[in-house]
Amino acid sequence: MRTVVVTDPPRAGVDDAAALGDHGVATVHEALGRVGYLGPEFRPAWPGARVGGTAVTALCWPGDNLMIHVAVEQCRPGDVLVVATSSPSTDGLFGELFATALARRGVRGVVLASGVRDVAELRAMGFPAWSRAVSAQGSVKATAGAVNVPVVLGGQTVRPGDVVVADDDGVMVVPRTDVDRALTAAQARVDKEAATRAAFEAGELGLDRYGLRGRLDELGVEYVPYEQWVEKGAR
Amino acid sequence: MRTVVVTDPPRAGVDDAAALGDHGVATVHEALGRVGYLGPEFRPAWPGARVGGTAVTALCWPGDNLMIHVAVEQCRPGDVLVVATSSPSTDGLFGELFATALARRGVRGVVLASGVRDVAELRAMGFPAWSRAVSAQGSVKATAGAVNVPVVLGGQTVRPGDVVVADDDGVMVVPRTDVDRALTAAQARVDKEAATRAAFEAGELGLDRYGLRGRLDELGVEYVPYEQWVEKGAR
Amino acid sequence: MRTVVVTDPPRAGVDDAAALGDHGVATVHEALGRVGYLGPEFRPAWPGARVGGTAVTALCWPGDNLMIHVAVEQCRPGDVLVVATSSPSTDGLFGELFATALARRGVRGVVLASGVRDVAELRAMGFPAWSRAVSAQGSVKATAGAVNVPVVLGGQTVRPGDVVVADDDGVMVVPRTDVDRALTAAQARVDKEAATRAAFEAGELGLDRYGLRGRLDELGVEYVPYEQWVEKGAR
Amino acid sequence: MRTVVVTDPPRAGVDDAAALGDHGVATVHEALGRVGYLGPEFRPAWPGARVGGTAVTALCWPGDNLMIHVAVEQCRPGDVLVVATSSPSTDGLFGELFATALARRGVRGVVLASGVRDVAELRAMGFPAWSRAVSAQGSVKATAGAVNVPVVLGGQTVRPGDVVVADDDGVMVVPRTDVDRALTAAQARVDKEAATRAAFEAGELGLDRYGLRGRLDELGVEYVPYEQWVEKGAR
Amino acid sequence: MRTVVVTDPPRAGVDDAAALGDHGVATVHEALGRVGYLGPEFRPAWPGARVGGTAVTALCWPGDNLMIHVAVEQCRPGDVLVVATSSPSTDGLFGELFATALARRGVRGVVLASGVRDVAELRAMGFPAWSRAVSAQGSVKATAGAVNVPVVLGGQTVRPGDVVVADDDGVMVVPRTDVDRALTAAQARVDKEAATRAAFEAGELGLDRYGLRGRLDELGVEYVPYEQWVEKGAR
Amino acid sequence: MRTVVVTDPPRAGVDDAAALGDHGVATVHEALGRVGYLGPEFRPAWPGARVGGTAVTALCWPGDNLMIHVAVEQCRPGDVLVVATSSPSTDGLFGELFATALARRGVRGVVLASGVRDVAELRAMGFPAWSRAVSAQGSVKATAGAVNVPVVLGGQTVRPGDVVVADDDGVMVVPRTDVDRALTAAQARVDKEAATRAAFEAGELGLDRYGLRGRLDELGVEYVPYEQWVEKGAR
């Protein structure tokens, strides 16, 4: 494992990151073409938070949070700290004290491939955290890792300066070079969804709005009244 | 996989379904003889909902929600939409727009073997959803499936028109032909539990109330004071 | 499996147990030297509870809650009931009626290696419960087990009379003979954390406060500006 | 849970069952339209077995094999015993002694939703077994269940008399009423696969054999030389 | 975590351990009263090994095998090395070189709560290993742990000097003080099983041999011919 | 998701890939600095295979193997096909017919994030396959994906032309630009391990060979005879 701290990586704009955060994970994920989602294992420590920020990444040894201490110093206002481990671990590498230090620096939240602790305190502070586990298991500060190198969480590569969006649906990453496209596409999707919502509230069906009836015919989907279906002995 | 949409299946009464919903999952499950529960993997997207409704079923290909669009049209007031996939998947096949369409039709909730998204919006709408995962991962509309055929979720067969009961304890199914028996037995259980609750509040023990002391004797359970136990070198 | 009920085991002091509960899981776990945590699988049935109590233990056959009935009689004010099963099971061995009986006896909460049900009712009662699963699946009363023998949950041995601490971070056990040490060490940790919190709020870094910069040098961690890093072709 | 033993259910032909077994799981699954597979959790206790037989079903309480004893008496030559539990369990409900009794009765194998033990002995005997777990954990004989009722394993309903096919790819069920169709379709698939195999050995591509190039065009799949791809800054 | 190496703990007799190993896990587990099994997660790295030996225990930090090096020195002929980690980890803490060192010292095998690697080499050497995972992920030697303290694996406490039995069914522990009882009971069980096996081969049923028909009556199990069952509309 | 097929990516040398394959996963992983391992979920379909080859990558929709057909055409002698899915899936996207086509093209093996089927046939053919699951569940050819774009499996990024090494310990990736370094470092490690193996066979301890006794002192590890340990009342 490389043992390096990369300093001052270029970041996406923090306002752009916030705007993507306002759109939320599902919208931005769809807008970008259904990419970038970290999967259902990443859950919020408490419900209701929604953030967008620029990634500072840390790669830790399992059971060891030394590199989080290093990463704190690299964090700036508008960042989201993203922590991976070199192998699977649920240990609680992050808690209230780290949250205090990060909040002081204007950091918007944290995403961990491992565990988080002090959940009640994080909720009380309003500091957002997403992780694979809640765990009180403590850590050591013995083994080196890296800060601001590309890391992989939930099958997605997060590079320093990328935008991380997180809410009750989980976490996603927007590559720094895709932020403009993401903003435009997300706004377009919001507009389209507003129209669809209004149509659905008025009783229109998705089958009609999306023109799916022809597709069903092509695929050979048959409509059969229940009585006929039962007569065929279906079970 | 059959590619069929069965229309107008007979349904249990929607008032009966609501009454079973009021009793809740644990009560109806016990009343029916400890059958019908979909297991602990099915969790509510937000806490506090409790529903009973008649099942409309959809069987989807993983990562594909085409048949949910088909199923929406088959839904009536009092229904609960029940979605299975042909193989395991956590993708977020269902979100706010579907909920809008279903709410418009008087549908009481949704149960999915896969994932759900737009959790914050569903909570704000008050639309109840149970699923195996929360996932923002989007879906395509490419592959046919079936609507209103029997489906299996969590080891239980759900047939169209069956009653689905769901609350914070999870989800269960009551076969349409068992609804009358379920209502009677659930009410009996509620009455019995009220008496037991009062007895327990008054200090009676389950050992006495259920007559279990004799059973313990038959099973050879011994009572041993701690000091004797320690002397035997038990560890 | 031994089929024995051990009566009147010595217990840690119930006030000491409450004091450890007030400190919470993460603090006491760290104070004791990072031992005793039952792991991230044990989750609260509802958020916000925090308890400390003395353990009464029960060992049940999977799908069978006979020995919980036996254990209730052994419970006293200040206890926490701790339930293990002889093999893995998620069934809902515990619900509202048991909670009613335990609350009547002054019991502070329950921890189960299996499942819990009646979650909405437990939340309404304010009775705290931690478990590996929420499950409505009911149980029988057919097979003997043991009460107040040592049991293992989540890789930790819990003996009757030990202190169990539980909150939103999960559950931990403090051996009865370690309670005094735990109280002292937990208070020391609280004091130290208060000072650290104030320092972090004032902008001090963990790297400096914990003297970690020397460690990073020893471990060969390099700081590299982003432009140099990119020139090396790192990916 | 019903506590019933259904006797003498009609069975598919044992020779037909054997013929389906010879075709194997993947072939019959495809031939029937990609239905009936119990999923990847069901694994053989030892590699290399391949069977087809008629189902005798047992539904057991977790940790309890009483109903397997009942089911043995219902087994005939050509059967496969299929064991479900009323809630999830990995306990080793089945081992060498049951295998001895079943082999004596001409039973072709066993499928369990729970665990199996005596793996070395089963391999030495050549008695085929598929299960979700290998576990030495023993069981009691205390709680009633059912024999020859429909059971659900791995999301599939198995009815007594259905054909069960199992090999190194896992386990599938063929409804008794679909056996003739399955035999015809499986043979057709075998013939088609033989032709495809020969074509692939001769260097033909699936893209051409299945006419997929047009589909790729419709779906907008582009072919891009690596150098162009890199110039676009793709990552 | 205590950081201690306990030297020269008393051990069960190595010949007794070997004799229990010859009986195998399922037999000894049953003989002792269905206790001591580490559960289905512990699997052999290669099939066919069967050992019994006296435990030397090591407690490691996740991703760190320093204490295995310490434990090697404490091993004697007839021992089995048992490795726990302070929190869940799948990393490959053990491989061919450790196996070489242990084989030189007459150690009979290894059991790890984490992962093992060099599986092909271990099979070629004939060195038995059981673990929760196969993983090539390497480890550091940075953090202290303990040797020859009680450790918990798979819900079972293993103390130094206890007997560990392992085969294709998994792993179990026999407390040192129970070895004599285990030997006697295992032999009795072997004799009883031989008689049962002969009876089953001769066609006797478990229902008769174990006298279960009366139990079924008490439990209210009914025998119903298939035709009657179908008439009742059972599904 | 991009829908692109990148053609003719540069590849590492196929002889270099084979040489890394001969070293095996654990050795190359350590040689590179403990990076690149895909984790313990990737298992061989049959034991004993060991390969090294150059990656051709495919990204599929869950339950859809259309892009594997596309990828076959891009494969050359010495390649290993690497298949990811856009969300988690265990379906059996790959079987005997694909293996026939790949073997004809000189492909050395396949690695899938999803499932594989026809395990018995793959073993008989000697075609190596690694996957997260064995599953007979069949797939459709309906949704586009990509070929020869970077994909993530098991937390590792695999780019086309990288070297993939796989054996009974699992799978790892060596970036194309690191192949020379990997070959040199792997050979150095092999030499070092041979010397260590000889030393261990001669009875030397890792504690001495790696100079760990000083580290233990620094870490405060104490050696305590068993009798003293017991007197302290340790449990």
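In order of appearance the chains are A, B, C, D, E and F, and numbering begins at 1 in each one.
Basically, a residue touches a chain if its C-beta (ideal position, glycine included) is under 8 Å from a C-beta of that chain, and two chains touch if they have at least 3 such contacts.
Computed from a prediction, not measured in an experiment: that's the story for all the values here.
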item: D-E against A-F, pair bridged by the larger set of C-beta contacts; value: D-E
item: Chain pair among D-F, C-D or A-E whose interface repeats that of B-C, sharing over half of the contact pairs by residue number; value: D-F
item: Distance from chain F to chain E - Cα centre to Cα centre, in angstrom; value: 29
item: Distance between the centres, which are taken as Cα means, of chain F and chain B, whole angstrom; value: 41
item: Shared interface positions of chain B, touching two or more other chains; value: 2, 34, 39, 86-88, 90, 135, 137, 143, 150, 235
item: Chain E partner contacts - residues on chain D that touch it in the complex; value: 2-10, 46, 66, 69-70, 72-73, 90, 92, 95-98, 100-101, 104, 115, 117-120, 123, 133-138, 141, 143-144, 148-150, 160
item: Contacting residues of chain F [partner chain A, same complex]; value: 1-2, 33-35, 39, 84, 86-88, 150, 152-153, 155-157
item: Complex contact set, residues of chain D against chain C; value: 61-64, 86-91, 135, 137, 140, 142-143
item: Chain E residues within the chain D interface of the complex; value: 24-26, 29-30, 34, 37, 39-40, 43, 47-48, 50, 167-170, 172, 193, 196-197, 200-201, 203, 205-207, 210, 212, 215-216, 219-226, 229, 234-235
